[in-house]
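Here come two complexes built around chain A, the first alongside chain B, the second alongside chain C.
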Partner chain A sequence: MRSLAFLIKFSYRNLWRAPKRTIIMVLSLSLGTGFIIWDLNFAYSGSKEVMKEFLSQYAGQYHITHPEYYNKESRKRFNNYKTITDEVIEDKTLLEKSSRRVTAPIFISGEKKTLGVLLTGLEIEKEKKISTLYESVNVGRFLDPNNRKEIILGKKLAERIEVKMGDEVVVIGQALDGSVANDLLTVVGLMDFGGGELEESLAFTQYESAQELMAMNSDTYHQRVNFELEEETLPQFKNAVATRWDEILPEIGVSVRFIDSLTWMVSVIIVLVISLGLSNTLMITFFEREQEFQSLNIIGAKTSWITKSLMIEVFIMGTIAIFFGAIIGHLATIYCYYHPINLQLFTGGKNIIMGGMTIQPLVRLSPVMSYYWQVPLMIYFFLSLTMIYPLIRVIRRSSYAI
Partner chain B sequence: MQFELNNVDKVYQSSEEIKVYGAKNISLKIPEGEFMALVGPSGSGKTTVLNLIAGLIIPTAGSLKHGDQDITSMSLEERTKHRLDYMGFIFQDYQLLPILKASENIEFPLQLKGLSASEIKDRVEWALKQVGLEKMGHRYPKQLSGGQQQRVSIARAIAGKPQLILADEPTANLDSKTAQEIIELFKKLNQEFKLTFVFSTHDQRLIDQVRTVLYIKDGQITEVKNNA
Partner chain C sequence: MLNNENRYLFKFAWRSIQRNAGRSFFIGFSVSLAVMIAVWVVSVFDGLNYQIEKAVVNTNVGFYQVQEPTYARSTDASKPLPYSGEVYETIHRLPIKSASPELVLDGNISTPEGAAGLVVLGIEPELHKKFLPIHRKMIQGEFLTSKDLNSVVIGQELANIFKYHVGDQIVLNYQDTNGELRSEILIIKGIYHYNSKAFEKRYVYTNQQTWQTLFLNQYHDQILYNRISIMTDGLKSEPMFRDYIKKTGMELKTWKQLNPEMAVVLDFHDGMIKFFFIIIGLTITMTIMTPVRMLWQERYKELRMMSILGVSANKFWKIGIFEVFQMIILSSFASSLFLIILIGIQSHTGIDFRSLNDGVAIERAGIKLPGIIYPILSADQIVITFTFVIFVLSVSYLWSIYRTLTRLEAEL
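Moving on to the complex of A and B:
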């Protein structure tokens, strides 16, 4: 133990024999560490906030449906004849947190034109509480829970079928009993999703109105959409399934994973570049001391002792740099919590549209604790690689003479 | 235990045809308490003999023994350990570690030996006292004169209570007065503590003071002179 203490003291003193050089090395590693931690926090918070924003508008965190509602190969396809009731949900607390929806592929006709769209029946009061869909209505108003004959359309859809506020539209589809479903509904609001494709393919009506149109029993519906997912694991049901948003919208899930991977890749490249610079400096430092290693060996220090002291020296330097780097990264993250970053900085001021919806561009950074050990581990790993070549040179030159 | 070289050759071979003898047929016994100098012109092979005795280089032929231990058959790490356990070294340019204080430099080989804290303290104090630097232990090498640095180097060599001290041109970098003081110190340590010294030197003042002088030329001992 005493020998180890002496070894550490020896290594620490050696670290500061060329203070300017050591400070530059520590500084570069600290700034690199700080930037990586900040960058990872930014990427995580960015995707988390953007996804939260996106999912809270319409898609939700997960859907509870009949096991055969979504097509197993592609969740873009669904079987509208597969419905569920509240009886399949054993955990009744889920009923409070989620909203029922009825979906109906229909034709919608204005005075002159007809288009195929997806009509969704919404529990209006519930949706107002747990989603932000109603905020997308920028012309007119959201649906009235007491009026079954209302519809709101995406702005582009209204333009394409040439209808405006107050106009009546005809909806035609096939009811679940095989009959032709049709109704006459009044346009009370237009939704703005920032010009995305959802604007021309979505229409919304009251929940009971959609049920009636589809000739469904009053207790049946297609989806129960939950906007909260406290844990990673989805709830299990006997006669229903829960499907996460990234399965329903795989292209968005892949994008998020791609951004995460890319951020890690950039981090690794940054550390690699810093490590190469450090390797060169370490090599110069070690070779400058070659005569000293010689005399240490002559007076009785084994090569293993010398290499150990060099490794400890680099480890101490790394630890100091990582410590300050983590503080820098953390402070920068906290700063960006109080001063959110506007993502429009990266889009030239243009709106950010995801999955056909406009996303609020402010990202408030929050620290992710796992990065505070993952990044140091990665840096220690690369520092170890950095040392290999200089140490091999020292070990090879292990036979000294006066 | 005495150190012994028997018919030792050290050949430096740069190609098939070119062979240079650093040491040729060297036989030498270094009894305990010996005070010996290896003398010869530059390139004569005296440093090679010093390296051979230390086990820093391995003979091409012949054997190198310390008591009944065959140093030639030891691995690199075993020879390093052997030097730590039985030898002390004094260099022409002192070779003190600039990052350690004088007392810590003396402590260095004792730490490598794994001695207890109290024993290390006692030995460092004893060594500093022997070289007359009791009050200089807290100073860094750069805060000491050349003579004082060489004294620290001597203290480092003797603190481990070695059986043999090898000194390579120990007075070459010192002024005349300091060199004389250092020679007197070597003599005192040899006489008081029966420490064994082998010097490689050009310094006539030192040559005059040693008990045995080995003249070396072209890697061979050409003459052995006893001053006693």
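Moving on to the complex of A and C:
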């Protein structure tokens, strides 16, 4: 135990023999560590904020539907004849947190054009509480819960079928009883999704109007959309199924995973670059002390003892650097919590369009605790690799000396 | 060319590098590797962006579209213009690969299998063949000719959903130029398998004669267009296109305006890459600075001795600058070599990113996102590589030389 204490003391003192050099090495490793922690927190918070803003507009965290509503192979396809009622949801607390929707693939006719769109019947009051869809209406107003037979369209769709506020449009589809569903709805608002494709493929009406159009019973609907997912696991039902957003919109999930993977890749590259530089510096430092190692050999210090002292030296330096790095990374993260980063920085001021909708996220960084041990582990790993070559050279040269 | 003195100093610098061959190698290798990794990431993103761009322009969008003003405003197809010799001349004076005049009709089909909105494109088959290779992607039947009457070519996805085969009839519902609801029968001449499922489900092709008869209620015996889709080498000539088309009274739209979602994805990638480059640049400069500094400090005694013998600071600077120059050449050569080998191999084999979605191909904003990315090494990247190496090594060396010479000056 005493010999270990001596070894640590010896190694620690060696570090301060060339304080400037040590400080620069510690600083470069600290800044690298700090940046990686900040960067990972940024990537995680960025993905979370982007998804939060995107999902809170329209898609929601998960949909409760009939088990056969979504096509198993492609969630983009759905069977509109498969409906559910509140009876299938055993946990009644879920009813409070979610909103019912009726979906109707229809054709919408203006004066000169007929286009296929997905008309969604919304529970207006509920949607206003739990989603931000109503904020996308930039011309006219959102649907009035006390009225019926109103419709809001995407701006692009309205342009294409050449309708404006107050105009009536014809909607035609197939009702659930097999009859031809048709109705006349009044345009009360236009939605702006920044030119995304949803602007020309979505339309919204009151929940009851959609039910009436589709000849549905008043207690049946297609989706119950939940905007909160408190636990990682989805609720289970006997006669219904919950489908997460990333299954419904896999392209968005993949985009987010791609950026996350890229961030990890960048982190590894940064550590690799720092490690190479460190390896270089360590090698020079070790060779500079060659005569000292030979003297130690002569007075009885074994090569293994010298090797251990060098390893401890690097370990102490690494630990100091990681400690300060974690503090730097954490402080930078906290700073960016109070001063959020606008993602438009990366797009030259343009809005981000995701899944056909515009999002303007300000990323408020929050620390993710797991990164505070994962990053140090990664750095210790690379630091160990860094030492291998210089140590081999030292051992070889020491053996010649003896 | 160098004079005798400079030639001697150049040789001296080279000998100094060789004196510590291992250390010099390590410094050069660190820089080369960092630069190589950084440029590799850029080339992967360039490859990804190129594939995304290609996928978008191949969804019948083209790099540019010259649109008739009414169509440009509202996609109202009722005022098509003739694709006259004059228009042809105008378009072909620009640096283009191919151009396809197209008429665009929004229609729908309704069957017991369901309903779907379609975009019926009226094309001139021979011109369209030069624009997109759909005629080579027929899995059933044949592509259109300009003589066909009431024939359409549909996508595989539409055929699968509605159980269509070649020879079957499609009842197309649409509003004609007068706004009247019409239902017309068309015969399926061929089924193509091309681009994404969304594309295959949405786009139906017919020739100009059929389209004009359907929508305009008569054939005008000439090629008309709502838009002219243009294939080029990219968007580099956009200002020139814009100036030129402005004079014609038509509207010019780029693929970025027509598919803003994917355009922003590309901008986002570019922003990320710039950020990444800055970080790597700072990291490698900081990391290299210490060993380079130590390298020069080690030579302090030697420099002192030379100084006493009468060698001026000016000459030390020259030696240092020659060393940087030689290190830059070596590192640039090494990183370029690594890059050419690595990217050369990967540009053929590709990098598989399908694992991110359990091997399933992803479609976004109407296009199929590439699962396998083929990195692209361009001349720009080689220039970036050199700039990066010059920056990193120059900063590290010049700073170290400056510090060492300042110390020398103070002591003498």
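To be clear about the criterion, the second predicted complex is superposed on the first by the 397 of 402 C-alpha atoms of A that agree within 3 Å, B and C clash if a C-alpha of one lies under 4 Å from a C-alpha of the other, contacts with A are read in each partner's own complex, and residues count from 1 in each chain.
In this text, a contact is a pair of C-beta atoms (placed from the backbone, for glycine too) under 8 Å apart; a residue touches a chain by one contact, two chains touch by 3 or more.
Quick caveat, the model's predicted, so the values are computed rather than measured.
Participant: Please work out whether A:R13 is in contact with chain B alone, chain C alone, both, or neither, and reply first, second, both or neither.
Facilitator: First partner only, chain B.
Participant: Considering only touches as defined above, state whether A:T186 meets chain B (first), chain C (second), both or neither.
Facilitator: neither
Participant: Answer with first, second, both or neither: which of chain B and chain C does A:Q174 touch in the superposed model?
Facilitator: A:Q174 sits against chain C, while chain B stays out of touch.
Participant: Quick one: classify A:S3 as touching chain B (first), chain C (second), both or neither.
Facilitator: first
Participant: Using the superposition on chain A described above, determine whether A:N239 touches chain B (first), chain C (second), both, or neither.
Facilitator: Touch status of A:N239: no partner.
Participant: Give one of first, second, both or neither to describe whether A:G300 is in contact with chain B, with chain C, with both, or with none.
Facilitator: After superposing on A, A:G300 lies in contact with chain B but is clear of chain C.
Participant: Once chain A of both complexes is superposed, is A:E292 in touch with chain B (first), chain C (second), both, or neither?
Facilitator: A:E292: touches chain B, not chain C.
Participant: First (chain B), second (chain C), both or neither: which does A:N342 touch?
Facilitator: In the superposition, A:N342 contacts neither chain B nor chain C.
Participant: Between chain B and chain C, which one contacts more residues of chain A in the superposed model?
Facilitator: When the residues of chain A touched by each partner are counted, C comes out ahead.
Participant: Within the complex, which stretch of chain A touches chain C?
Facilitator: Against chain C, chain A makes touches at 21, 24-25, 27-28, 31-32, 35, 39, 74, 105, 107, 109, 111-117, 159-160, 162, 173-174, 194-197, 250-255, 257-259, 261-262, 265-266, 269-270, 272-274, 276-281, 283-285, 288, 343, 345-348, 350-356.
Participant: Using the touch definition from the top, list the residues of chain B that touch chain A in their complex.
Facilitator: Per the stated touch rule, the residues are 47, 50-51, 54, 56-57, 76-77, 80-81, 83-85, 87-89, 91, 95, 97-100, 107-109, 111-114, 116-117, 156, 166, 168.
Participant: Can you name the residues of chain C that touch chain A in the complex?
Facilitator: Within the complex, chain C contacts chain A at residues 23, 26-27, 29-30, 33-34, 37-38, 41, 73-76, 78, 106-108, 110, 114-117, 173-175, 179, 181, 197, 260-261, 264-265, 267-268, 271-272, 275-276, 279-280, 283-284, 286-291, 294-295, 298, 353, 356-357, 360, 362-366, 369.
Participant: Mind pulling up the chain A residues that touch chain B in the complex?
Facilitator: Answer in residue numbers: 2-3, 6, 10, 13-14, 16-17, 291-292, 295-305, 398-402.
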